[in-house]
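Once you scroll down, you'll see the structures, which are given as structure tokens.
Next come two complexes built around subunit A: one with subunit B, the other with subunit C.
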Partner chain A sequence: MTTPEPAPSGAIYDLGYQGYEGPRLGRLYALWSLYLLSLRNAFGIGRGALPKVLAFGLVVFAFTPAVVTLIVGAVVPADDFEIFAPRDYYGIIQFILVIFVAAIASDLVGNDRRSRTLALYFSRPIERDDYALAKIAALSSSLLALTVLPQVVMFAGNALGAANGLDWMRDNVDDVPRFVASGLILCVTFGAVGILVASYAERRAFALISVVAIFFVSLTVVGIIISEIDSDQVRWSLFLSPLHVIDGSTAYIFDAIPQVDEFSRNGEPINQVAWADFPGYIWPLASLAWAALASAIVVRRFRGSI
Partner chain B sequence: MTRTLLMLTAHQLLGQRRAIVIALLALIPIVITLLYRLAGDTEGAYGFTVDMVGGFVFTLLLPIGALVFGTAALGSEVEDGTIVYLLARPIARWRIVVAKAVVASLATMVLTVPATLIMVLIALEGLGSDSLWLAAVVAGIAGSIVYSTLFVGLSTITGRALIIGLVYVFVWEAFITSLFDGTRWISVRQYVFGISDALTSAPEVTASLDGSQALIASAIVVAVSLLVGVRFLKRFEIGEQS
Partner chain C sequence: MALIETAGLTKRYSAVTALDGLSLEVEPGIVGLVGPNGAGKSTLIKILLGLVDATSGSAEVLGLDAAREGLRVRERVGYMPEHDCLPPDQSATNFVIHMARMSGIPPSHARERAAEVLRHVGLFEERYRHVGGYSTGMKQRVKLAQALVHDPELLFLDEPTNGLDPQGRDEMLDLVARTGNEFGISIIMSSHLLSEIERVCEGLIVIESGQLMRTGRIAELTDETAVLAVEVEWDADRLAALLAERGLEVQALGRTVEVAAAGGADGVHDTILDAVVTLELPLVRLERRRRTLEELFQPATETAGDDA
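Presenting the complex of A and B:
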């Protein structure tokens, strides 16, 4: 752009105001910046001490099963020794994931509203839809550190610890695409649902409780309905519980949906999923449907007045 | 003055939209029980009641209610800055902490106890045998007091009491306690189960702590929470919260 030499405009004082002439990086760059900022905020980087302790504390909890497996694997000299198998991993740390989602989602969405920076974002090239999706993407990506990362560490550690690392790798290499795929589906679903619930709560405290309640109350209520109400129609209620759906998705991807027996109905969520006897591929699809629906509602939410 | 404080806190806790949403949570067990009765089969009504009380009321409704009320009783005053007006009054700090803990406990009881009783009445068409209802109600009351007081104490230490309480309930009590048996001593949930187990002869109710152990541990938790709460509120410095 060529600007004509600005005429001297200061009547008495020249305050030195200048127009910006550098490159305009545009909407995509703004989106990328917002994503990176949110991702940093998720782990408390650039914030106080407590958010860091909280986020990394939960990461440590999520790594516990992997670390335990590696330590025991190093002590016990058997090759096929597994305490926590990759297919069970996400189910074991589910509670930690939900707390992490609640804590981070309420921060990511709530802080901008509380400190009134939301209006500033929307006055920049960033669109409202971009904002909503950047937040979901940031939460989902931060979840990778609690899901896929411990699996990778566990896999690498087991391979290095095995008597014949290459053989072990050859036997177990199938697990890698499986835990990556199921982990990605889990992260996207958790991220979208978390941001959805948090974006509707006005106070941060309430956002926290609501996210936790949505996951756990639906898990418990659907679990009780399935096991106690004697009707085959109740199997459809499984789709209302995101944790059931994600369990089913992970089990299907690992080809590990358990056998149905007479106790399945009263058992763990995954046994209830098996009891419902839907075709297995429906679980990853249902999980992605949850993610898509939640994202759509979040986008709608931020288009309205905040 | 103490009465004013109690009324004021009750108004703060129960007079908001938050209380309505939490009350909806208490309706869930009643609705499920009605569904269960409508579905016809009442053979396993006994086991169903035990499952509902142990699996929903004691593990979800009670801790969530206590978290909301316990951390809000003092915590929201600190967050909104209105604690200043309270501390400037000539009320002993211990009175403030105790009043807040009492009201938070009562609010949690109001949330859990009627829901439990109505549920038992619908499921068992009466109070049932083995004084199951008594165990559920007494353990619910004890749990309300212990959890609420614990979270009131916690909220005097940190402004992020809610998330720390959530981690305690859903990571420590639910996850760590299931892995390491020795941690049952530091789990309010186990105290609640212990107390309810001691009060009923129903074989479906089992606990890893016995009644007197659970009662002693509960009393210790309440006392320590109150002491810590009073100590931190005495040293509270205005305008320096994180």
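Presenting the complex of A and C:
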């Protein structure tokens, strides 16, 4: 039998400092790491209980229309029965999306600024523009969980619940590219605008209120301008309200911009969009313009810091 | 190859000139960067990291142009800022791993490296706790760890002993010295305390109002200003007068006469002994003295005070 050599008792092995000879993966990998960490942070992973509850609570709310549709569909055996249609989905959960953006955006950019960790990021092999864009990408993609994902679940559920699933899918397959495209446009717009506001609002509470305000105050004010000021020129003001623009974009993509009647000006935002009578493709473009402009300002903001 | 080389480096903000035609060459080793607040130390470090563009002039770090190749410079250097910079709601381990990844280290290596550097800075079990609950000393250690985690060739430490008590200060200085001497990592350490610089640094850069006041090896600097102190029982004044007559730079301080002895002191020695014998004075002591850095820069700091 061999006995292992006894270690000299009391000896402390100082292995000395080991240099690092392994691979260095560079800028894109660093950015990917930053994006992943931000995405995890958005859902409170690796952080306390409260951020998790908040984020996942809002995700559950965003799924509610899909779940309700599926449950009712299972109980009421009618094939052409839709409670919530894909084209209306994003409009219904709009409020939840704004709250999510308001709650998360400040965490994503405000925390690094408040704890002054930005200095450490900027002294690493990435550029400041990279940092800004990674944050926007993280917020935008976290929104996919509240928008495109419930649509996918609803679509799959409806197909499974239909008397003839294949027929149902054939009839409704057009909806898939539509909810994906309109969802993506919505996510980048919300993401960029949210990070924009949060990168200027130092305090968390202020960032939260500002995000809610920029979406809903503009929605309300522009809504009143359209309905109360008797001039055709006021239709241009619609571009100042991101929620009007996003509604228009989704409706255009679903080919669902409503007919104009005498009540349109005083109606829902989407009716006001219809009343303005711009060519429909202008709305997705305007939405992307909001995203691009907001991103550009965010990039400038981070270039100026430190 | 010089570690850092700048030529005519100037940085003007709208109203202030932070750096004013700074030209210097820094050799590898542990180098102290000294100057009063607002001297331009932080601006210099930011330009060297490629974070701030100079108004004019050039800066090279590790042979790379800091302005054009900032990204490649930042791959190879580490930076520990003066101010707080740690997220309170993360553990030291997770944070340092993340910072390793931000420097391009793959995930599995990043975990190993984080464990290694946290051990080196003396954080063990507590590294799994949130940084928010750490003492200032522990936070400083984490700040050093994140600067070291990607095994840089050069470290910028901005006032690493800031906010530490005397014991913490000693420990941090030991850590800095070990990092430089044992790991072979060059270090630029800024401090406003000359005694700290003297303790761990080999080289020295002194800047004031954005201009280079002095640079070189500390041993040489103190050598240059060495003096021979001659203590006699009486008549120090007469001795001083005689030595001055023989062309030496002297200063009488009570019973002691200080004689400038830059470079070789042999000739000076003989002259002094000769003078003492001539005057028939009882010699108490003849010794060679190095001035401390503190004494060396007394005049410079006073002038700065007058300007303000």
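By definition in this document, the second predicted complex is superposed on the first by the 288 of 306 C-alpha atoms of A that agree within 3 Å, B and C clash if a C-alpha of one lies under 4 Å from a C-alpha of the other, contacts with A are read in each partner's own complex, and residues count from 1 in each chain.
Everything below uses one rule, namely that a residue touches a chain if its C-beta (ideal position, glycine included) is under 8 Å from a C-beta of that chain, and two chains touch if they have at least 3 such contacts.
Not measured: the values here are computed from a predicted model.
Trainee: Counting only touches as set out at the top, which of subunit B and subunit C does A:121 meet: first, second, both, neither?
Mentor: A:121 sits against subunit C, while subunit B stays out of touch.
Trainee: Between subunit B (first) and subunit C (second), which, if any, makes contact with A:102: first, second, both or neither?
Mentor: In the superposition, A:102 contacts subunit B only.
Trainee: With the two structures laid over each other on chain A, which partner does A:111 touch: subunit B (first), subunit C (second), both, or neither?
Mentor: A:111: touches subunit C, not subunit B.
Trainee: Is A:46 contacted by the first partner subunit B, the second partner subunit C, both or neither?
Mentor: In the superposed model, A:46 contacts subunit C only, not subunit B.
Trainee: Under the stated touch criterion, which partner chain does A:61 make contact with: subunit B (first), subunit C (second), both, or neither?
Mentor: A:61: touches subunit B, not subunit C.
Trainee: Mind working out whether A:162 is in touch with subunit B, subunit C, both or neither, as first, second, both or neither?
Mentor: Neither partner.
Trainee: When the two structures are overlaid on chain A, which partner does A:221 contact: first (subunit B), second (subunit C), both, or neither?
Mentor: After superposition on chain A, A:221 lies in contact with subunit B alone.
Trainee: Between subunit B (first) and subunit C (second), which, if any, makes contact with A:20: first, second, both or neither?
Mentor: second
Trainee: Once chain A of both complexes is superposed, is A:137 in touch with subunit B (first), subunit C (second), both, or neither?
Mentor: Touch partners of A:137: none, neither subunit B nor subunit C.
Trainee: Please identify the positions on subunit A that touch both subunit B and subunit C, taking each partner from its own complex.
Mentor: Looking at subunit A, the two contact sets intersect at 48.
Trainee: For the complex, which residues does subunit B have touching subunit A?
Mentor: For subunit B paired with subunit A, touching residues are 18, 21, 25, 28, 32, 35-36, 39-41, 44, 48, 51-52, 55-56, 59-60, 64, 67-68, 71-72, 75-76, 158, 160, 162-163, 166-167, 170-171, 174-175, 242.
Trainee: Which residues of subunit A touch subunit C once you look at their complex with the stated criterion?
Mentor: 16-20, 22-27, 29-30, 33-34, 37, 46-48, 111-112, 115-117, 119-127, 306
Trainee: Using the touch rule from the top, collect the residues of subunit A that touch subunit B in their complex.
Mentor: Interface residues on the subunit A side: 48, 50, 54, 57-58, 61, 93, 95-96, 98-99, 102-103, 205-206, 208-210, 212-213, 216-217, 220-221, 223-225, 227-231.
Trainee: Residue numbers of subunit C touching subunit A in their complex, please.
Mentor: Per the stated touch rule, the residues are 46, 49, 51, 71-72, 74-75, 77-79, 81, 83-90, 94, 98-99, 101-106, 109, 113, 116, 120, 146, 150-151, 182-183.
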